[in-house]
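The following blocks contain the structures, represented as structure tokens.
Two complexes follow with chain A in common, the first pairing it with chain B and the second with chain C.
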Partner chain A sequence: MKDLTALELDALAEIFNISVGRSASVLSELTGEAVTMSVPMVHILSSERVVELFAISHERLTCISQQFSGSFSGAAMLMFTESSSLEVVRLMLGSQVPLEQLSEIEQDALSEIGNIILNACFAGIADMLRDSFSCELPELMTGDIEHILHSGGSEQKVLFLQIKLGLEQRNLEGYLAFLMGSETESMLQQSLSNFLSGM
Partner chain B sequence: MLRTVLIVDDSRVSRMMLSKAIADLDPDWQIIEAENGQQAVEMGCEFAPNLVVMDVNMPVMDGFEAVEILRPKLPNTSFAMLTANVQASSQQRAEELGVHFLAKPVTPAVAEKALAIWRQEHEGSYSA
Partner chain C sequence: MKLFEKTLNILQSGVMILDDELNIVFINLWLQKAFAYVDAQPGENLLSLCPELKGRRIEASLRQALDSGLPAVLSPVLNRSPLPLYHNGQSQAEPFAQMIRVQPMREEEQNYCMLEVQDVSSVIRRERLLNEQADKLNQMALTDELTGIANRRHFNSLLEKAVASTIDSSQSLSLIFFDIDYFKPYNDHLGHQAGDHCLARITQHLNDILKGEGYHLARYGGEEFCIILPGVSPAQATVLAENYRQNVERLAIRHPASSVAKVVTASFGVSGFNAGKSDTFTGLVLKADNALYRAKMSGRNQVIQACLDE
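On to the complex of A and B.
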């Protein structure tokens, strides 16, 4: 596949900017707090390069992943640092769940949070590309970035979307990544081309 | 008068949050739960609930398939899809099936809308 042009990359960033905006709005509803988000930075990288980027922090991550198919296909991953993910669950459930029950349902809560946030993002992408995506059930993983990315196949390219989601008095950092095979990259490029020509 | 709502979701957390929100809003609702579409079909036939609030993406059988089976069997039941899949295609499918569409996350406002759907269809007072 030829590299994405500057215009295609710009379109991709804008599509994600709008789509992740929906996700941020959903996160705000879930936690009951205002959510700020940074400008998304979009890169297409090898999984090795993503591992290098994350290796600086050495933090364990919680990842909720969903296989998706549509005008491009792959695996979407929402990642939080492990400490951030627990914070999100506590905010979401608040006083609705007794403390002793919280750890028991933590994994289920995280899967549901990922499901809701990723689907909000896909709805935005689908609207922009005038397409629809079907998503599998969410899967939850915890580990370092190498473990998480290699679960999707080490030879895949990663459409890596770096975005910082901030809750009012907390500092949560979330990342979105889309794992794609080379065939999918071409499909993505075609979708972007159609999107740009329809403007 | 006691009414029954069947909450169908593979996420235990979502079932818990919706159950609590409905119980807080109106204790006259008896709440029963199913974890997937297949269970929903079985419980729907057994209990004939007044209202079914159904997730879409679930293992074993998805929510749309379950509604397709249940609707003809439960003509007096109100149905609402409650899903994270807020794409236009999903909303269109709900419309084709003639059921209401609610977007996750589960909040007290969403629970109120679900109950309002039942009221609209049975008392003509929908205001959500």
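On to the complex of A and C.
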């Protein structure tokens, strides 16, 4: 399996940029706050490499994940460090909860925020693939990166995106990870090259 | 199949199935009842029944489920009441808070979506109550009961924050400690109630002035108080302290047992934070306390500034 070319990665970044941009306007409308989002870079990493990336900070993560299946299957995960996720809730919902814990309804709100962002990305990919796939409801979990990645299955390649989130002059960072089996990865590569040659 | 339909009809949450034109294919009894002013029957179109849903997130989520097969969660914090649902058809009431899940379904080459609706108004109410109680407890833990100003615990955290931001910004920071002169004899002569009243009057008066200036007044303990002055040099703080001293004197609270005046007075100590000279939180407090002690020793009812190199 050859790696994705720089051109293919750029094309993916463009697709995700449009997708997260759409979800940013949905979130702005819902929360009444100016929300901006962008995806500066897309990487394909092994799951060990993703674990290494997060191992430095030792911070727990909050993750909203949705399983998807069809011609393209795996798990999509939106991750924030625990402190960033509390900032997101604080800034988007204006809630003044003590920073240690999210209440049940705030967890639901965070699930919805993740659902909006993930759905926009799914729709972007589906457009590119000219295909649809079925998707499950979002699930929220917290834990370290190993625990979170493991919940999506093992021995996988990860399509890894950094998301820059702008909220009330604050810059927060989130991560989007698509855990894919090797078949899914080659499918993605095939559709990308079709997509690029069709342009 | 009859049994499944019966089950859905006794379910204590809402279930509705819509086809790809948003026509109601199935709606359970619970949800039908909750649509108090709308006769939501199978065969009816949801948008014709509730035109106000057009262009809202609920419509977008339903379309996304039908067209792209993507599920959605509508949480009560971000969408309080997406559907016009009411408790027992109460006409004056607000629609109740809802948690809605939308899931795509496909059957015989047709796209459908299923809406699951929960009434979460009691969860929201409980949460609000808990938040209010937490706020109240927080407030109580940080407030001095007698005077209503910040207590020592609050003072410690305020000063810690002020010290941290002073180190970051390398601006000035000053601290004033003051103490009511001959307070024990005042209490002995006029009783504890009068003593309490005296403290409350002085702190209320000074707090009104300080609030306008954006500074914090706190009760350190007994008849000892402190003022945190971020961005103020010790020299400026000494001028301010003199002003506060005069304000206490001008309140003209009669003091029958003071040997420095006929009215209640106070002694003031001022210290400044030496950023960059390995000064500390404790150092700042000790310097102010020491300056206050010297003000007492030098005859009370005056302001003393701690030496800069202390």
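Note that in this section the second predicted complex is superposed on the first by the 172 of 199 C-alpha atoms of A that agree within 3 Å, B and C clash if a C-alpha of one lies under 4 Å from a C-alpha of the other, contacts with A are read in each partner's own complex, and residues count from 1 in each chain.
Methods note: contacts are C-beta pairs under 8 Å (C-beta built on N, C-alpha and C of every residue); 3 or more make two chains touch, one makes a residue touch a chain.
As the structure is a prediction and not an experimental result, all values here were calculated from the model.
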A:Ala109 touches, of chain B and chain C: first, second, both or neither? both
Contacts of A:Asp3 with chain B and chain C, given as first, second, both or neither: neither
Partner chain(s) touched by A:Glu48 [first = chain B, second = chain C, both, neither]: neither
First (chain B), second (chain C), both or neither touched by A:Asn119: both
Partner chain(s) touched by A:Leu137 [first = chain B, second = chain C, both, neither]: both
Footprint overlap on chain A, where chain B in one structure and chain C in the other make contact: 26, 29-30, 93, 97, 105, 108-109, 111-112, 115-116, 119, 122-123, 126, 132-133, 135-137
Residues on chain B engaged by chain A in the complex (per definition of touch): 10-14, 16-17, 20, 57-59, 83-90, 104-105, 107
In the complex, chain C residues that touch chain A: 57, 60, 64, 68-79, 99, 101, 103-104, 120, 123-124, 127, 130-131, 134
For the chain A and chain B complex, residues of the former touching the latter: 26, 29-30, 92-93, 96-97, 105, 108-109, 111-112, 115-116, 118-120, 122-123, 126-127, 132-133, 135-137
Complex contact set, residues of chain A against chain C: 26, 29-31, 66, 93, 95, 97-98, 103-106, 108-109, 111-113, 115-116, 119, 122-123, 126, 132-138
